[in-house]
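See below for the structure under consideration.
Chain IDs A, B, C, D and E follow the sequence of writing; residue 1 opens each chain.
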Amino acid sequence: MALLKVEGLGKSYTADKKILKNISFEIKAGELVSIIGPSGAGKSTLLRCINRMVEFNEGKIIFNNQEVGNLNKKELRHLRANIGMVFQHYNLVPRLTVIENVLHGRFGYKTTMQGLLGRYTEKEKAAAFHLLEKMGIHEHAYKRCDQLSGGQQQRVGICRALIQEPKLILCDEPIASLDPNSSKIIMDLLKSISTEMGITCLVNLHQVDVAQYYSDRIIGLNKGEIVFNGNSTELHEDNINRIYGTKTEDLITS
Amino acid sequence: DDVIKMVWYPNESGQDMKSSRDEIGRMVSEATGKEVEHQLTTDYSIAIETLVNNNADLAFTGAQAYVEANKRNDAVRTIAVKTGESGTLDDAMYYSWLAVNKDEQDKFKENGEFSLDKIADTRFSFVSNSSTSGFKVPAASIIDHFSQQDEYADLTEVDLMESGTLFSQVLFGNSHQGSAVNLLSGNADVAAFCDTCVEDYVELADGEENTEGAVYTVKEGAAEPFNTVEGKEFTLMNATPVLNEPFVVNMDVIGQEDFEKVQEVLTSVEFANNEKIFAPEGSDQNALFTKSGDERLLPVEDEWYDPIREMAN
Amino acid sequence: MNEKTMRKSRWQTVIFLLIIITLTYLSSIITSFSFADGLATIPEALGWMTSNLMVTGESLDKLPNILEKLAETTFMSIAATTIAAVVSLFLGVLGSKTTKVNNFLSVFARFIASVSRNIPVVAWSLVLLISFGQNSVTGFLALFVGTVGFLTRAFIESIDEASQSSVEALTATGATYFQIVGKAVIPQCLPQMISWVLFMVETNIRNATLVGILTGTGIGYTFDMYYKMLDYNAVALVTLTIVITVIMVDLISNYVRKVIL
Amino acid sequence: MEATYIKTKKDGRIVIKSGNKGDRVLKGTIVVLSILTVISFFFFNYAGLELGSAIRETAYNLKVMFLQPALSTISLSEAIYQVGVTLSLAFLATVIGAVIAFFLSLMAATNLSPVWLTRIVRVFVAFIRAVPTVLWVLIFAIAAGLGSEAAVLGMLFHSIAYLVKAFSEAFEEIDKGIIEALQSTGAGWWHIVKSGVLPSTFTYLLSWIFLRFEINFGVAVAMGAAAGAGGIGFDLFMASSFYFDMREVGFITYAILIVAFLLEVISTRMKKRYFPASSN
Amino acid sequence: MALLKVEGLGKSYTADKKILKNISFEIKAGELVSIIGPSGAGKSTLLRCINRMVEFNEGKIIFNNQEVGNLNKKELRHLRANIGMVFQHYNLVPRLTVIENVLHGRFGYKTTMQGLLGRYTEKEKAAAFHLLEKMGIHEHAYKRCDQLSGGQQQRVGICRALIQEPKLILCDEPIASLDPNSSKIIMDLLKSISTEMGITCLVNLHQVDVAQYYSDRIIGLNKGEIVFNGNSTELHEDNINRIYGTKTEDLITS
């Protein structure tokens, strides 16, 4: 049974231009799937439709047997609590400590009052520390986020997503702002999240080689349409050209 | 409620009047058995409106302010007024002066007599546009005089407040002393102010008090702001009597019973003999009033102020 | 940082809040202020406003005169702000960390700004009024002084914030001090500065009411005149014209700000 | 190929300015302001102005004020107490204003509230800002009677309006991503305000509050006196308008200056120490 | 003859800590030399001593037969005009156009007045355009700098340095803020500047692989001391460990 099922998804911000056209795919639990495609192809939009950060116009998204499009406000919060999200620019609250930022991931499970008072259970705090340790940044737990390097901040972002205990993590270009070194660390972490923790990861990427190396499956998007959907080993130069409409060399750098 | 709120105008709000204020408060408080709360403000309109809008019981106002307040709320009534030296209401008045510098007085004369015609196109200093003797009274006589000429037929009070209509420049001294200093320091050619307000600083040099042509000199060693104009002399071109300032009440707030009690204490002999309120003549103590004869407070009715009321219209 | 220091910062927040609450309490005691009483009077205040502060046909007769004074005030505010901006530009450049010539001048500039900002405009008006008399120049100077204080501080902050890196780069090309200030610092901070200047024009028109009352000039004088005559209809009209002017200036400056920033 | 991208003037010189709208508006603004400034000097009313003597007199008065300060009508302890009253008035108006402004500005920030609500709040605030403070004080003095309520409420209105503008602009500058990230965890609106908006803008809010406190102190000097709440402004007004006592005016000015300096020093210290903009 | 000669250079900001200790090296005209080393090693400080953006305490720097330490104010301007500098964060004036920013590089040759009036000769302007074209960003010449991507901004920074007609360009981590793609473009450009235009480049770098790939020579700095100075081919794992005090793997990623 698929964890996530997208059927005939269509989205347009303005009446005159369709950003996503008839997108359909399925993702099984525990898979790491990459979405690649040129800038403006609609990768971010697609990701955001899944947790309804963006409202879509056509089609259906079924996550965990729930139809995403029909949820009311409360159910939507619940859905989002079940889906973690990781951003290119980490989107942490810079003035707060690492541990506080991680704990923000628990908001989806809290009433307004609990959240306002900053009441986290000891169990939650311990879990947060455990995650930080797993990501190798527990020693920075009490530092302010803006004192961390990019790669460290992204790991905090991942912790924040993981503490939600999500079934799915959406990553919108998680390594685009990172140096190669940190990129590797982050991708390795995402990989282990999907294989070891069994959490599904859907990752937008710009680097074809990274996508090929890490993903189980790759979805290629061009102008809002899926032009490739298959195992990463099946992605060859002609497919890449279909996706990007250019030659590969220009895109990959050492 | 059991508080009597008394509003004081800026003129009486200074520290030097504090002992008088406190004394009046004490006496009223004893008579009524209620606490007296003094309210001081630097803003004239706020003071009036406080009384008019039932936020105060008692006030010591100018005649003009009383008329305004009474017009806006007829619960505002007079309760007592200071008499003249005679101890009756007959001379319960002071004077609004129009003065010019002595050296320049001839410019304002026509055939040896002072003429209001000559003040057109001069620099004129009032006290403030809410002052009875420093604005209302002189303005009324000026308008009265000029509106008979075609050129100035529609002259209004507002015109007098603005430079360039009747006067080449209009100044406001913001106090009687300020207005007088405007004249003596040469910033203005003609100034309006009242006699009692400057009596500490000037002395009669020539002529009869409060009459046209009387000359006054600034005393040696006069206090600020007159210290810069010591020895200067000015001549009165006009002195108009103005009715003394009343104590007023808001009947809706104070109530008939307290009104009577307060009136009794204000007009009592002890009140008139209290040196903290009526400073004896010649003493260097600051008080609300000075006593040179039989001055005291007497009850006064609203109609007594009709002359001022008529002037305003 | 460890858990202890984090706890400490929690405590700091609590203590900070406690201090604020205590100070608020003390302040209300000193001034015998009661917030509840205050709140209770708001309906009455609105009632009084609607019954007294109404523009009537009669008061409209006064409009030409009011507009003339308003124009005087607007010009006065603009002139005071613009000239103050020029002075503040120099003080700002001298006062900023990145562009200071030496410490003495920097402290001096900041000192001037602080003094002129902190002496209340009331005090300035009164002092100036005594010597300059009742005319536009008095109002102009009173506004000018306060504006210099405020703008200098704002300019110093803009310069500090914006230019460190480009100053460094231009120093490395061998540029002189004035070239750096003129070609890197000012172009970079100019939009921010103009934005502050526009803000001050608006503020000054509003302040001109107070300054006008104190110095007897411009729309403030007109306001005060009708106000003291208890002619509230005219007061309402004056206020309305001020409101419209300020909102217009605000709209213009918002537009300019949007385009230039 | 060559020169296709190079813009030249008519005389063949190469242009280096972008000449875009922002630049033009910027230049236009400066030109217009300069022209208006020049014009305004013709509009001024110079009645009774004698520059030379005026400057001399000002210098003299300033000298008396600052070099021979003295108290005559009030005592030192009274002066200190009155400064305290003024400070308290300013403090109350600032604190209450800040609290109310915080909630209103959440409603006025386009990234936190629906557009219609932000419009309503903004128009309301713009109106309040434009009405002179004296008038607010008068209105409340009439409604509440003379006293601190009138003074504080009168100042409160402006404080709120000023802070709402400042706060909502600070909120709008928050990184959109932070709000998005919190939304995506399933956080509710108040969660986002408390954990995303407030921590990110706290220092700015605080700076604005401090700035407003300084302004309110200045306003309280004038308004406390008018509203019958007393304070050092009352003595200042009396000293200058009724007694013309420049020495006392000087002393009071010193008192005000010292307090204002202290406020400034305290606020910068506090900001640096407890609320650093960047980490240390 | 060496273009730049550093002899026994020592520098401390505070009395208690020496940042640079007895640094000596030489650089020949046209070389591309990288300085690598861990964070805080003193790389930036060393670079800044060369054009006296930072005053040094000990030793001598001889550039182009001039002793840098002894110059008066005017001579110092002249020295700086002869040395271009490129920064990690580009340090452009964001509101000005690209072409204006490039022309700022001419200030070192102008009187204060000429500079303030913005008088650039037609020749200078043409040269600026020529450089922009060479860097492939001439189409953005009239755009504001802050509208450009990081890589494009860095190219503007390089143009600004080049228009100085410098003999030496100092680059302080020119690619640390850039994505791999842009990094490659910038490093290729620096390489061609040194080989084709014969301008000496001294570059601070964090990435050892990049340094090895591009430089003629590498200087390794650790705690303010030179621990390696040789051809990039001579840089082996043991040297790298000496420089960084860690194992290489962690540092180099695909």
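Quick note on the criterion: contacts are C-beta pairs under 8 Å (C-beta built on N, C-alpha and C of every residue); 3 or more make two chains touch, one makes a residue touch a chain.
Chain identities (UniProt): A, E = Phosphonate ABC transporter ATP-binding protein; C = Phosphonate ABC transporter, permease protein PhnE; D = ABC transporter permease subunit.
Values in this document were obtained by computation on a predicted structure and should not be read as measured data.
Shared contact partners of chain B and chain D, listed by label, are C. Among the remaining chains, the Cα-based centre furthest from that of chain E is the centre of B. Comparing chain pairs B-C and A-D by the number of C-beta pairs in contact, the larger count belongs to A-D. A straight line joining the Cα centres of chain D and chain E is 45 Å long. In whole angstrom, the spacing between the mean C-alpha positions of chain B and chain E is 81. Separating the centre of chain A from that of chain C, both taken as means of CA atoms, is a distance of 47 Å.
Multi-chain contact residues of chain E (touching two or more other chains) are listed as 118. Counting partner chains per residue, chain D has residues 45, 47-48, 134, 138, 142-144, 147, 233, 237, 241, 244 touching two or more of them. Touching two or more other chains at once are residues 45, 49, 53, 169, 171, 187 of chain B.
Residues of chain C that touch chain E in their complex: 165-166, 168-176, 178-179, 182-184, 187-188, 190-191.
Across the complex, chain C meets chain D through its residues 12, 16, 20, 23-24, 26-28, 30-35, 37-38, 41-42, 44-45, 47-49, 53, 71-72, 75-76, 78-79, 81-83, 114-115, 117-123, 126-128, 130-137, 140, 190-191, 194, 197-198, 201, 206, 209-210, 213, 217, 223, 227, 235, 239, 242-244, 246-247, 250, 256, 259-260. Here chain B touches chain D in the complex through residues 5, 7, 10-11, 13-16, 39-43, 45-47, 49-50, 53, 55-56, 123, 163, 168-169, 171, 174-175, 177-178, 181, 187, 224-225, going by the rule given at the top. In the complex of the two chains, the chain D residues touching chain E come out as 2, 5-7, 12-20.
Looking at the complex, you find that chain D touches chain A at residues 175, 177-178, 180-188, 190-191, 194-196, 199-200, 202-203, 278-279.
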